[in-house]
Amino acid sequence: MSDDYKPVLRAGSDPLVFFKYPGADGDGDVARGHIMATVMSHALKDGEVVVMGANSLLPLAAARLAQLTHAPNLTLIAGASGGVNTLVEPLAPSSGDYANLLAEAVLDFPEVLMLQMGGGTDVFFAGGLQIDKRGNCNLAYTGRSPGSVDLRGPGSAGLPWAHRSGRTILYVTTHTTPTFVETVDFVSLPGHKAGGKWREKGGPELVVTPLCVMDFDEGGLLRLVSLHPGVELEEVVENTGFDLVLPSGAVPSTLFPSAEELRYLRELDPDALLVAVV
Amino acid sequence: MQDTVRKSKVLAIEAAVAALVPDLSESLWVGGMHMHNVPMALVRECIRQGKRFGTLYAAPSASLAADLLIGTGAVDRVVCGYLGFEHLGLAPVFRRAAEEGSQIDFIEADSGSLILALQAGAWGQPFAVLPSGIEQTDLPKVSPMFYRQLEDPFTTGRSYAVEAVRPTVALIHCQQADEFGNGIFKGSRFVDRLLGLAAGTVIMQVEGLVDNNQVVKYPLQTGLPGFRAAAVVQVNFGCHPTSSHRYYNFDDVHLRLYLQAASTEAGFKSYLDEYVMQPVDQEDYMRRVQNQDWGAITGEAP
Amino acid sequence: MSDDYKPVLRAGSDPLVFFKYPGADGDGDVARGHIMATVMSHALKDGEVVVMGANSLLPLAAARLAQLTHAPNLTLIAGASGGVNTLVEPLAPSSGDYANLLAEAVLDFPEVLMLQMGGGTDVFFAGGLQIDKRGNCNLAYTGRSPGSVDLRGPGSAGLPWAHRSGRTILYVTTHTTPTFVETVDFVSLPGHKAGGKWREKGGPELVVTPLCVMDFDEGGLLRLVSLHPGVELEEVVENTGFDLVLPSGAVPSTLFPSAEELRYLRELDPDALLVAVV
Amino acid sequence: MQDTVRKSKVLAIEAAVAALVPDLSESLWVGGMHMHNVPMALVRECIRQGKRFGTLYAAPSASLAADLLIGTGAVDRVVCGYLGFEHLGLAPVFRRAAEEGSQIDFIEADSGSLILALQAGAWGQPFAVLPSGIEQTDLPKVSPMFYRQLEDPFTTGRSYAVEAVRPTVALIHCQQADEFGNGIFKGSRFVDRLLGLAAGTVIMQVEGLVDNNQVVKYPLQTGLPGFRAAAVVQVNFGCHPTSSHRYYNFDDVHLRLYLQAASTEAGFKSYLDEYVMQPVDQEDYMRRVQNQDWGAITGEAP
């Protein structure tokens, strides 16, 4: 990328695209997007190869934050753009954005999928219309059958191959009962099987929402790990459409981003997309 | 004696679509991904000329082009890996068609299988066997004609396979090309190199033409060799409202205008009329896009 | 390719690699390599996509000559290098030579094979250890079986896919009875079936040797087309290990390269590799 | 806090081979084609250290590296698409082994099927179905374990397939790389991008190191992303006597010297001793190559 690249700037552009989110400049408030990105960052290990699909503001920020803090040898593949180790300067709203080519290498998209499906990656980030208690994830449609669709989503995209792409971290930007359902209407991304986790490696491992962090218990059921600062257990329970496994004892509070982490996130994200996204 | 000279492939967009895209083609695959590098001017021209396509492959990340083609009934069948507007929302016409029913046949698929099918088509393989895992999703159940089981001759285990795909027509955007169709991507190539090497008839839309000497000087930069292009059409801001990598970003205001309009059938019709059917050419289209300072977004690539 | 590229030059290099062939500078003699390249050039049609494998001095010169004369819209893919429409300035001895990247595009080698096998090319050039009367071609080994090998060749390379790559033009730099055999010991490249040509499109069409030009008759059998200037019919018959189909009447003489064709060939080939190759 | 820094992957060649190549690996695929971009210094180092490999994939165009590995008995099995010296002649050690018999198992194959097998391995596909046509050759007959028939689930016709290949070790030459393994090809990439994305352990040999800033400045030039390289080894003239695109051409005099020497078993042994086993390092090797004016062939890439 040469130095003369300028993104479009036009009157009326949305904050999620180009402009500062009003009031997001100050150091005062920590947005839930910051907390989610930090949680996701902590879940990444040094040396891992991390890949993400569409709508990847949060994992993109998380992976870059991990590189800047505890995981300097982590590799990040920025979804549709094919950018490898994009510097995230700045964070851009679309996974296919040219901004992601301020990077070390650029893969053709078939190569990105090839690495994912061939086991060449360690961590995959995904979201969906619905997530159920076993971590099955639906990006196709809700409703009883293909002939009786309530809500048509975009389609299963690369989700069927998530478990081949390594540990899967699920994330959503709304935590509601339509999203967290007992059983998904359509399995785009396979979760854990009844009676136990269905594979040693790969498959859903963590779920990060605007309210809380969840993982899976030994039986492969979704379990609350921590509540984000200011969130009450009640709020999570009410907005989850099934009986969430609760930790024994008091529910911990999600670790607040450190001052350094916040500084990095704000540097990476001058347009405060992380504030607007959740 | 050199009694003939090498022919230019540069055509006006109307002429290229009229001459090279049959009125009814078996299948279509549109290049770019999400809101990037989508050859929208070509798509609008195909719709304007009433071109029809049996099957549209909506993968790996189809957006506005597919939604318009569905809304105008230009396609009979959509094989769907992903069709949406990423962070801007779901595809309104696709939603309505799927939720309320339509004449169009939607085949539920996934992007990985569709890319493997395209690759198999390019290699002349009859089908592509899939890695294990698809059997744990609902895809083979709802699309049993698309995903079929076979016996692995090496392990005698069972695998799924998808039939090879070879799009009859591919529309592809390169930032630059020479007159012989040597196309240059100034940013991501997405799936477009594979698509351009695989498809039957490739029409290439570009922001600008460069001299063949420039191409020969940096042959490692050429994203698509000229012989794959049936025609090269030069269109200013031809990807609008999607981006053209390095030249201009996507126009989120216009995309949201579309999403808002197309949320009703009537709104979609009036969007279609205003921005697709009525414009006599790209300049006319550009005039109709409101509040856009085209001069200010002219990204020039070196 | 930048302008500062210099090939290796060292004492003792072979003429086939870097130096002028002694005495090849003059305009006087026309080498058999010139005649063969010209014949192959005439066999190519404007607009075709032509691909070649290893050892492709002759087809490389032929395809470029065709572009410069009757086929300006021909596309040439220079084998291993992946160079598309290399300018052949100058002709280089190895198909993978960096010199072939003075070109319009460079394909990865899997892409070259993909185009060949997928039907994306029109003409394929090949040679072999053995060619038989039906155009079967052997690049693997001669001998009765894999366990009883007389001469081990390099292997079948891309030859099995020749008929998928379009019309096939076979060429050899020696015309001898060990090369032209009744039946090849191993079919690397399938020829015509007994009882007629086995496919409408694709398959061997022309065979060019240092002595003559041959094609296939309606029964799919090798047939003499023309003798190179100065070659007697007897010489061809003696050096062919089966009964070659002869044209009715006198055997024509292979068309001599025109002055313009010779000039182009010498310009493309300052090191006179075409003189040394046969 | 950034309590760790990003690790360099640059290692001395001896250390890289000692640490990263097991004494006995399942399989090996050497990059480059014909007499170009073959990482000969790595191959010689593997032989010197007595590394052994179950299967060597000799495709699409293996030459000196494969001949040496066969001659030293470093491989048990060779799957052969092409092994020769192009315009310079046949492979002398391979010839002798095949014609006179040897402990090594040679599997007759073809380059197209082997590339499809490699691609299938990279995608996690269990096998690759082949285009029609292979049944008209003698290959399935002599290699029935390599080429196997199966039923096409879409047409119920019969096709041939080859099992996926995933080389345990790949040796690849890039002209340049940064310390994190981002490799740059200054000329043809041959099969090396696919190979580098597919293989288990990739060791990357380079002519020279460049700064990471340079890589980030031109990311579209990067041929192989850093995470695929287990180690980067810098060796002067490391491809000799094969070429390194843009840096130097192949040394036909030395290649002919090899072909001449290796035409007898004794000659091969003395070549091996002089140029592979005895040299203590690449500089020593270079001193032993006669009449070569290394300074004069230093091609420098920008």
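Which chain is which? They are A, B, C and D, in the order written, and residues in each are numbered from 1.
What we mean here is this: a contact is a pair of C-beta atoms (placed from the backbone, for glycine too) under 8 Å apart; a residue touches a chain by one contact, two chains touch by 3 or more.
Note that this is a predicted model, so its numbers are computed, not measured.
K.L.:
Any chains in contact with both subunit A and subunit C?
P.N.:
A chain counts here if it touches both subunit A and subunit C, which gives B, D.
K.L.:
Count the C-beta pairs in contact for C-D and for B-C, then report the pair with the higher count.
P.N.:
By number of C-beta pairs in contact, C-D is the larger.
K.L.:
Averaged over CA atoms, how far is the centre of subunit A from the centre of subunit B? Could you give it in whole Å?
P.N.:
Subunit A and subunit B have C-alpha centres separated by 27 Å.
K.L.:
Where the centres are mean C-alpha positions, what is the separation of subunit B from subunit C, in Å?
P.N.:
Chain centres of subunit B and subunit C, defined by C-alpha means, are spaced 39 Å apart.
K.L.:
How many angstrom lie between the CA centroids of subunit B and subunit D, rounded to a whole number?
P.N.:
37
K.L.:
Residues of subunit C that touch two or more other chains: which are they?
P.N.:
Where subunit C meets two or more other chains at a single residue, that happens at 1, 83, 101, 106, 113, 117-118, 164.
K.L.:
Which parts of subunit B, given as residue numbers and ranges, touch two or more other chains?
P.N.:
119, 123-124, 131, 187, 220
K.L.:
By the touch definition up top, name every chain pair that qualifies.
P.N.:
A-B, A-D, B-C, B-D, C-D
K.L.:
Which of the residues in subunit D come into contact with subunit C in the complex?
P.N.:
Its residues touching subunit C are 33-36, 58-61, 80-84, 86-87, 90-91, 94-95, 98-99, 106, 108-113, 115, 119, 131, 133-134, 136-139, 142, 187-191, 193-194, 243, 245-246, 248-253, 256, 291-293, 296-297, 299-300, 302.
K.L.:
Which part of subunit D faces subunit B closely enough to touch in the complex?
P.N.:
116, 119-120, 123-132, 148-155, 157, 159, 161, 163, 187, 220-221
K.L.:
Report the residues of subunit C in contact with subunit D in the complex, numbered from low to high.
P.N.:
So the residues of subunit C in touch with subunit D come to 1-2, 4-14, 16-18, 54-55, 57, 80-83, 93-98, 101, 106, 108-110, 113, 116-118, 140-141, 145-146, 149-161, 163-164, 186-190, 198, 277.
K.L.:
Quick one: in the complex, what on subunit D touches subunit A?
P.N.:
1-7, 121-124, 178, 180, 182, 197-198, 212, 215-217, 219-220, 222, 224-228
K.L.:
Can you name the residues of subunit A that touch subunit D in the complex?
P.N.:
These residues of subunit A touch subunit D: 1, 46, 49, 68-70, 72-73, 75, 83-85, 87, 101-107, 111, 113-115, 117-120, 164, 260.
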